[in-house]
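As structure tokens, here come the structures.
Shared between the two complexes below is chain A, which pairs with chain B and chain C, respectively.
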Partner chain A sequence: MALAFDEYGRPFIIIKEQEQKARLRGLEAQKANISAGKAVARILRTSLGPKGMDKMLQSPDGDVIVTNDGATILEQMDVDNQIAKLMVELSRSQDYEIGDGTTGVVVLAGALLEQAEKLLERGIHPIRIAEGYEMASRLAVNHLEHISQKFEFSVTNIEPLVQTCMTTLSSKIVNRCKCVLAEIAVKAVLAVADLERKDVNLELIKVEGKVGGKLEDTELIYGIVVDKDMSHPQMPKRIEEAKIAILTCPFEPPKPKTKHKIDIDTVEKFQTLRQQEQKYFDDMVQKCKDVGATLVICQWGFDDEANHLLMHRNLPAVRWVGGVELELIAIATGGRIVPRFQDLTSEKLGKAGLVREKSFGTTKDRMLYIEHCANSRAVTIFIRGGNKMMIDETKRSLHDALCVARNLIRNNSIVYGGGSAELSCSIAVEAAADKYPGVEQYAIRSFAEALDFIPMALAENCGLPPIDTVTAVKSQQIKENNPYGGIDCNDVGTNNMKEQNVFETLIGKQQQILLATQVVKMILKIDDVITPSVY
Partner chain B sequence: MAAARLLKDEATEEKGDRARMASFIGAMAIADLVKTTLGPKGMDKILQSTGRGRNVTVTNDGATILKSLHIDNPAAKVLVDISKVQDDEVGDGTTSVVVLAGELLREAEKLVNQKIHPMTIIAGYRMAAECARNALLLKAKDNKQDPDKFKSDLMKIAMTTLSSKILSQDKEHFAKLAVDAVLRLKGSTNLESIQIIKKAGGSLKDSFLDEGFVLDKKIGIGQPKRIENAKILVANTAMDTDKVKIYGARVRVDSMAKVAEIEGAEKEKMKQKVQKIIAHGINCFVNRQLIYNFPEELFADAGILAIEHADFDGIERLALVTGGEIASTFDNPESVKLGHCKLIEEIMIGEDKLIHFSGVEMGQACTVVLRGASSHVLDEAERSLHDALCVLSQTVNDSRVLLGGGWPEMVMAKEVDELARKTPGKKSHAIEAFSRSLQAIPTIIADNAGLDSAELISQLRAEHHKDTTSAGINIISGGVGDMDKLGVSESFKVKQAVLLSATEAAEMILRVDEIITCAPRKREDRM
Partner chain C sequence: MAAMLQPQIILLKEGTDTSQGKAQVVSNINACTAVADAVRTTLGPRGMDKLIHDDKGNTTISNDGATIMKLLDIIHPAAKILVDIAKSQDSEVGDGTTTVVLLAGEFLKEAKPFIEDGVHPQNLIRSYRTASSLAINQIKEIAVSIEGKSLEEKKSLLAKCAATTLSSKLIGGEKEFFASMVVDAVLAIGNDDRLNLIGIKKVPGGNMRDSFLVNGVAFKKTFSYAGFEQQPKKFVNLKILLLNIELELKSEKENAEIRLSDPLQYQSIVDAEWNIIYDKLDKCVKSGAKIVLSRLAIGDLATQYFADRDIFCAGRVTEEDLQRVAAATGGTVQTSVNNIIDEILGSCEVFEERQVGNERFNIFNGCPSGQTATIVLRGGADQFIDEAERSLHDAIMIVRRALKNSTIVPGGGAIDMELSRYLRQHARTIAGKSQLFINSYAKALEVIPRQLCDNAGFDSTDVLNKLRQKHASGEGANYGVDINTGGIADSFANFVWEPAVVKINAINAATEASCLILSVDETVKNPKSESAQGEAAASAMMGRGRGGPAFRGRGGRGMR
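The block that comes next holds the complex of A and B.
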């Protein structure tokens, strides 16, 4: 315990209530941390690659999630251990930044930790290991750049993009129809992409799911799908050439923010008030009508009276549309969101070629399709599937695919998958290691070994003999000097990933290595863990 | 060590084979639970709710049974979910889908025990499912062109669906009822316009389809009980006191006399409203909200039938049936569309008085009045009829039809078997397993009927190896029969949905190699 003594031999208390705190320090702390990190990596290891398995997670509320996505698994696992939480963060930041490779990054970090443990046992100082890792990661990232290839695509030739998305999707449960989904993802991204600025705003892609039907029925809609129906059951279900008024004000009499009271003390006042009230409703509807709107979309609800008036004036309306959806509709239709009736002008209306209501299944499920919009920048991917978990998992997988497509548009460099990039880096790092004098050489070499872990895990998950396969591929890479040799997961018969069309994005891979190294460095630097003991 | 405590205290984690075993067992337990309800001789279950009153439900409907269960096993939840989706999507086959998924997992477990990797099994299942679906596609018949045949197809499907339910005694009666109701919809799948009213008393046979519309409400006192050539205004408006909707308004008076004045004004306002309504030239007024005594009296004076507090669905349906619109403001009488019907009268069913609208303009909606001995019987009858209606409405849209009685399963099994023989590699074991699972369904149907399933299935299989056959299990006689002649049919859409979602669910459960259960959220004790 942290005790110090003054000159008379009386102890100082340094940490508050220190006798109640558990404390680990020195090598022991590092080892405990490493083993926690490894435990997390071990959970994800079996999910890697096209033949990786799924995890079933039951949330505190009893909901079941079946997933293969590293970030989701870790997020839902609700870990308690501090270091494990760092690993969770790691996969989350990969998810935010790149969107894909969330499993790989954790597995890599786990492998690095395992190697570090061995070095620690040899008595190498953790900071030296961390420095060695840092150098090695720089080497690896540079090497990746070196072996990456530019990848030409255009709006008319989307095949390369689809191929890359397929690589991502092939490890998910949806791989049954990965072609269809990959194509949907690419088309969606291209629809919203700003090719000149090389940027994609993924928020413009709405992913909506509805149980029922089959996965193959998943479709891309150039427009918006809203899970709402018309406010009045007798409003038309189909509007062509719709002019849409997008309102954020309720169809109700105004409510001033300042506190006020209207006193009614005579019958006349009562009557004028009533007329006023009716006029409000009339005016509101009239305003919408005057500017030529043929559909009103409102963020708030409206009164029965207003509802009927709208219906009466043949002005279909949708109420309680969420803010995000409202924004998307505004973007898609080129309309403006209008906060007050007074501001409504015909220029502010959105335009859509077709608005229709569609019902599903045998229950009362209706959705509103807004299609052929003036500005097709916002699209919706509408997922169908056998059950709720399937839809959720498809959503996550599609998100990954969308991210990959976006990354390719930002930076069209790719590396080859199937563990080939890692192996190639491993060879390069190992070769470079010998040039560094000092203890770091060991750390760099260990880094190279850790990189082999990913292809190893891939091979293991596919039921191939891991050591045989990885060493064979590695020697082949060195012999033929091609960085394309990877693990043949699907039994195609060749381990040339270029022929198999297995691609990954360069930035994704680079980010994986950088992030994993960073976290491992952080974990290695910890030499004292103080936790309040369990009460 | 720290690594030992990675997760929160009460969380559990199961890995590899243990996880797989847990999900297999859970899924199979669920499948076994509903297994005995399959088929025309399937048994029912009694469900007692834990809520207040300990309500009892007697049912044969897979989705209803599973919905009421509180399940902890995550894999079992997947199965419950597919049955729910099946119910929402096609309405029937809720038991079959769970049983098939259960059987697929049972076979998968055997394969896993033989050290075949789950991914290989999944690959095999996928191929098999695709092949089975193609087999069904080839064999499905489409009689859309021939209305008479199509109608008889619908009849057969309805009878087949109903034969496994409580209504099986009167299945012809109900099948006809359901077919009539669905054909009135003219292709729309909106079952809302078919209203089902349950009235205890009488026997199931007394149930009938009414072409008009029946509203379970009473007519106000002193108002006409019978109106011919009715003009109906359907409304959703407050008929108590009209609130002032301007925010912040309040009444402040300084003397009692003023209060009376205001009250008079209020009354006057209501009176005006009523007068405006009357000015529409109607003789029947149906409101969704309450009608207070005062306006009711005014309506009675004007000889108008006023019906209050019709629920929302009722209003919508009524508007649909009579072709009127649902009104909330009454300033422009000339442009409001009124509903019409030939005759409104009060009718008695059993003890209760109902309002009957007949001779309505739009023929789409109709009402089915169910009669039965007890509320449990009625509930179950409603569910059964709902199933039949769902299946029929789906069939109207997708008119492909298959034979029933285990025929489609045998057809699929045969094709899948053939595929297994042609496929090299370990996958073929999985494909074979798939075919065995398919055959398990007729086996269970036969078992439930107390027949010698082993004998029957082998006969059936032999029969199916001829080129064209329509052989299935004849539950009544207990032998192999010609399903075409017996008139046992099923909808293609239902069978396809069963096949696909069962495979999907099985695949999903098979892919899992780890189950992590989070610590349950602490619930505050409210007991």
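The block that comes next holds the complex of A and C.
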């Protein structure tokens, strides 16, 4: 806060703890903000594209994460600067909305800021720049719509969807088996999708991982995998045509919620109590048997006595299954969750074709597969991999792929990747810039330049000469008037992305441009930063 | 206060800081000007935002005068008055908070040379008061009424007012989109005074244009128990039961204890408890409602029970949301499940659970009373959505004020220029000192168009001269700053409109505040309380220490 002085030249104190607050104003504030934003973008720049590198992040308590996903990197970096935090949120909201392209959006925002800095140095009003950017972003978004293509797919023809998911996965560590993973992701999404309403609830897809095995062993199970085993080691490991009782009550004598006490004053009473308890166990097991259940899945534990009894009566059971999993099992098997034994009826049982316990390698870990369910509206993707970091990264990559598939179901338009869409937009925006009078024209042109940054970064990360490559592709795009020319990252030999089958979703790309512009506008509009100078 | 030869008479506690006289008035004015400078750059469509980061780590990016003033945490006693007027403007009309601070600052600045020259502050105050009442009368005369227009016409007029407010905000790029949304929302709730009937929900992610208006209620999916996903997620033409009770298996009385002497009775107690909850659930189902909402928890048992019977339920719905559902659907919130009759059930046309960004939302559409609206805001960052919410709040207030007091004035500094011209003209008819004072009041009003130009980077002197000439010619009353070209334009024809009440309130509040500050000629500041003595003493050495809160009321008591 600028100090005010009174008639004797003594300073006033207007703001509380004024001397402890730092303040930046005007151009200085904008410059500082821009450089903070750029710094964040610079970190992510090398993660872009199929040849992008991963980052290793260690959290304060020693957990290590290796990832290539922009949103995850920024989340874990724990940045302190306010503007950098905005960039983190930018990538997070891309993650929420689209699920993919979280690196690209930050790189684009960084490029826009860098361009804005140049304009600011020329003395252009920051809001005019922001307005120009906004016009340009609208142009770009419209142009994307124009060059996009509709992708026809059906439940039987999933090839186009798989191709798009593969583009997403190719930049991740798992690109070795992107084909398998892409197919799994697409099938999983289609299994839970409501094609009529174009709604996909990703919560119905359970992603489970287990260390060990190869990445290639990753599989899609039309059913549920639970990280649990049978409650008694001697219970059958394989049940066909299972009828499942899904219980949320423990195999224990029921307890009233009200505080209670039983006064036992004679031996007889104790005997009755004991008998009653035993009768409870007996009744419970009998009840399950009566309705025809061949498997009991229980949210709570059971008494050893119950366990023994279940074993004895030849009724396999699983205990301590979490609420979410229980729900998924209920959905998958078409059963109902039963809160007490009295309510158990044969209609409420879930049905599964096969329930089996599977053990892995030499470890004693066992998992329970519930397959061939009556209703396959809940599926599980079961990931295998060499180490925990790998599995976590695969989970994140698959999440991206699932989101892409979901977006395509919502809106089946695609654009071509490899930087071709950005280049095409850049050309279109630059051409349109000349039509705008005033200062905005400069901003629009800068926007076009910023769009070139993405193919540039792609080329750089692939070890290609960035300027040569980008200019060559750009001129080719203009000359041949095809918007499909991109960066040939994998050295396939052609830079026609249509032939390379590199796709991205239209809404993902549009969202990137709009979000980046929005945040850049917000940053440009700040001319006064008041912070406590000591943290 | 230097040591004197005479024995010192100590009246006040040691460390008390007093200053009085002309110097005090001037120093107060300086402080207020400094504060006004802080918000100066946020005015108008080319106004900038402030990023304020407090010690708790919260960051706010805002363009709203009241918000900034609140967050600045001002402790200077005189400057605090400016915070208060910004707040009062905010609660009274919702918009124009920057304007009011700026005007007050400018009035004081104009008064300063007079004070320094030895004019009695009361003289100034009297003239300022006259000038303000003259100005307000003039506003009322100029203002154009939109009463008696058809609904369609009114809608577009209101949208214009909302767009003027929004143009200075971060979401200015989409002002038409949001203006029509705001107008629809305000018209939906009709004449009802309760502002909380318009809900604003924030969902990070997505683009501004993905924001949407629900003609009913929308809220985020509440915490759910196992079994929830098995409930149907879409209904058409349904009944809604609203509750304020827990639907959970629990002990009925906190401190009750049951003592059994016969173990055989054990089961009956267990059964009794289950019967209580089943009885409740059964009554809910029998009522015919397809949706059960409760402010308190709906347990897993109930969730599964409802899932079994194809009923949707949501527990722990916030009070505010539940009230809005009640208002929208015409239902009443029940505290018991006994005696549920048809009349107390709400109804609505479509209910759906839908994915919005990363969240799932429960959306009630087509409610019979139509007395609520919900705006679901989308945006790239939390701060962005927060600021969008504040901006929409302003716009909503403006539209509501415009609906009630349906007179509008041209914006873009046009009305301020016109008032200034009018006052200058009036001043010439007055004999005596007052002429000067009213003239300076008139000059102070020009600060609005001047600041608009400054913020946009135009030559303010140039534009102001053009405006003065235009207004003086008699037919240019509606001319204001043209923010796009840097020239002047007819604000009225360009649809830059503001409700008259905003301006009236701003001028009133600013005049009141400046008169108040001018009339203070002494400040007595008590030393800080014992605990913070050391710190306070240190700062008192360098001048005015940090004082305890609110002592201006006690100002005169100290020495007299």
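The rule is simple: the second predicted complex is superposed on the first by the 521 of 535 C-alpha atoms of A that agree within 3 Å, B and C clash if a C-alpha of one lies under 4 Å from a C-alpha of the other, contacts with A are read in each partner's own complex, and residues count from 1 in each chain.
One rule holds for everything that comes next: contacts are C-beta pairs under 8 Å (C-beta built on N, C-alpha and C of every residue); 3 or more make two chains touch, one makes a residue touch a chain.
What you see is a predicted model; the values in this text were computed from it and never measured.
K.L.:
In the superposition on chain A, see if there is space for chain B and chain C together, and answer fit or clash.
P.N.:
In the arrangement built by aligning on chain A, the partners chain C and chain B fit side by side.
K.L.:
Give one of first, second, both or neither to describe whether A:159 is in contact with chain B, with chain C, with both, or with none.
P.N.:
Once the two structures are laid over each other on A, A:159 reaches no partner at all.
K.L.:
Return, as a multiple of 10 degrees, the angle whose vertex is the Cα centre of chain A and whose sides reach the Cα centres of chain B and chain C.
P.N.:
Seen from the centre of chain A, the opening angle is 140 degrees.
K.L.:
Per the contact definition in the header, classify A:64: touching chain B only (first), chain C only (second), both, or neither.
P.N.:
A:64 sits against chain B, while chain C stays out of touch.
K.L.:
Please indicate which partner A:385 is in contact with in the superposed arrangement: first for chain B, second for chain C, both, or neither.
P.N.:
Touch status of A:385: first partner only.
K.L.:
Using the touch definition from the top, say if A:260 reaches chain B (first), chain C (second), both or neither.
P.N.:
both
K.L.:
Classify the contacts of A:312 with the two partner chains as first (chain B alone), second (chain C alone), both, or neither.
P.N.:
first
K.L.:
For A:514, is the partner it touches chain B (first), chain C (second), both, or none of the two (neither)?
P.N.:
After superposing on A, A:514 lies in contact with chain C but is clear of chain B.
K.L.:
For A:121 in the superposed arrangement: first (chain B), second (chain C), both or neither?
P.N.:
neither
K.L.:
Looking at the overlay, what does A:78 touch: chain B (first), chain C (second), both, or neither?
P.N.:
Only chain B is touched by A:78; chain C is not.
K.L.:
For A:336, using the defined touch cut-off, is the partner it touches chain B, chain C, both, or neither? Pick first, second, both or neither.
P.N.:
second
K.L.:
Please provide the least distance in Å between a C-alpha atom of chain B and a C-alpha atom of chain C in the combined superposition.
P.N.:
So the smallest C-alpha gap separating chain B from chain C comes to 8 Å.
K.L.:
Determine where on chain A the residues touched by chain B overlap those touched by chain C, and list them.
P.N.:
Common interface on chain A, chain B vs chain C: 33, 83, 253-256, 259-265, 273, 276, 529.
K.L.:
Using the touch definition from the top, list the residues of chain B that touch chain A in their complex.
P.N.:
Listed in rising order, the residues of chain B that touch chain A are 1-3, 5-9, 11, 19, 23, 72, 74-75, 77-78, 81-82, 85, 87-91, 117-119, 126, 189-192, 236-238, 244-254, 258, 261-262, 264-266, 269, 316, 319-320, 325-329, 331-332, 335-336, 390, 393-394, 500-501, 504-505, 507-509, 511-521.
K.L.:
Write out the stretch or stretches of chain A touching chain B in their complex.
P.N.:
Going through chain A, the ones touching chain B are 24, 32-33, 35-36, 38-40, 43, 46, 51, 53-62, 64, 66, 68, 73, 76-81, 83-84, 173, 176, 211-215, 232-234, 252-256, 259-267, 270-271, 273-274, 276-278, 280-281, 303-305, 307-309, 311-312, 359-365, 385-390, 463, 529.
K.L.:
In the complex of these two chains, what residues of chain A are touching chain C?
P.N.:
The contact residues of chain A facing chain C are 1-2, 4-8, 10-17, 29, 33, 82-83, 85-86, 89-90, 92-97, 125-128, 131, 134, 199-201, 203-204, 248, 253-265, 269, 272-273, 276, 299, 323-324, 326-328, 330-331, 336-340, 348, 510-511, 514-515, 518-519, 521-522, 525-532.
K.L.:
Inside the complex, what are the residues of chain C that reach chain A?
P.N.:
23, 26-27, 30-31, 33-35, 37-38, 41, 45-46, 48-55, 59, 61, 63, 72-76, 79, 170, 173, 204-209, 225-230, 249-253, 255-264, 266-267, 269-270, 272-274, 300-301, 304-305, 307-308, 354-355, 357-358, 360, 379-384, 387, 456-457, 539, 542-546
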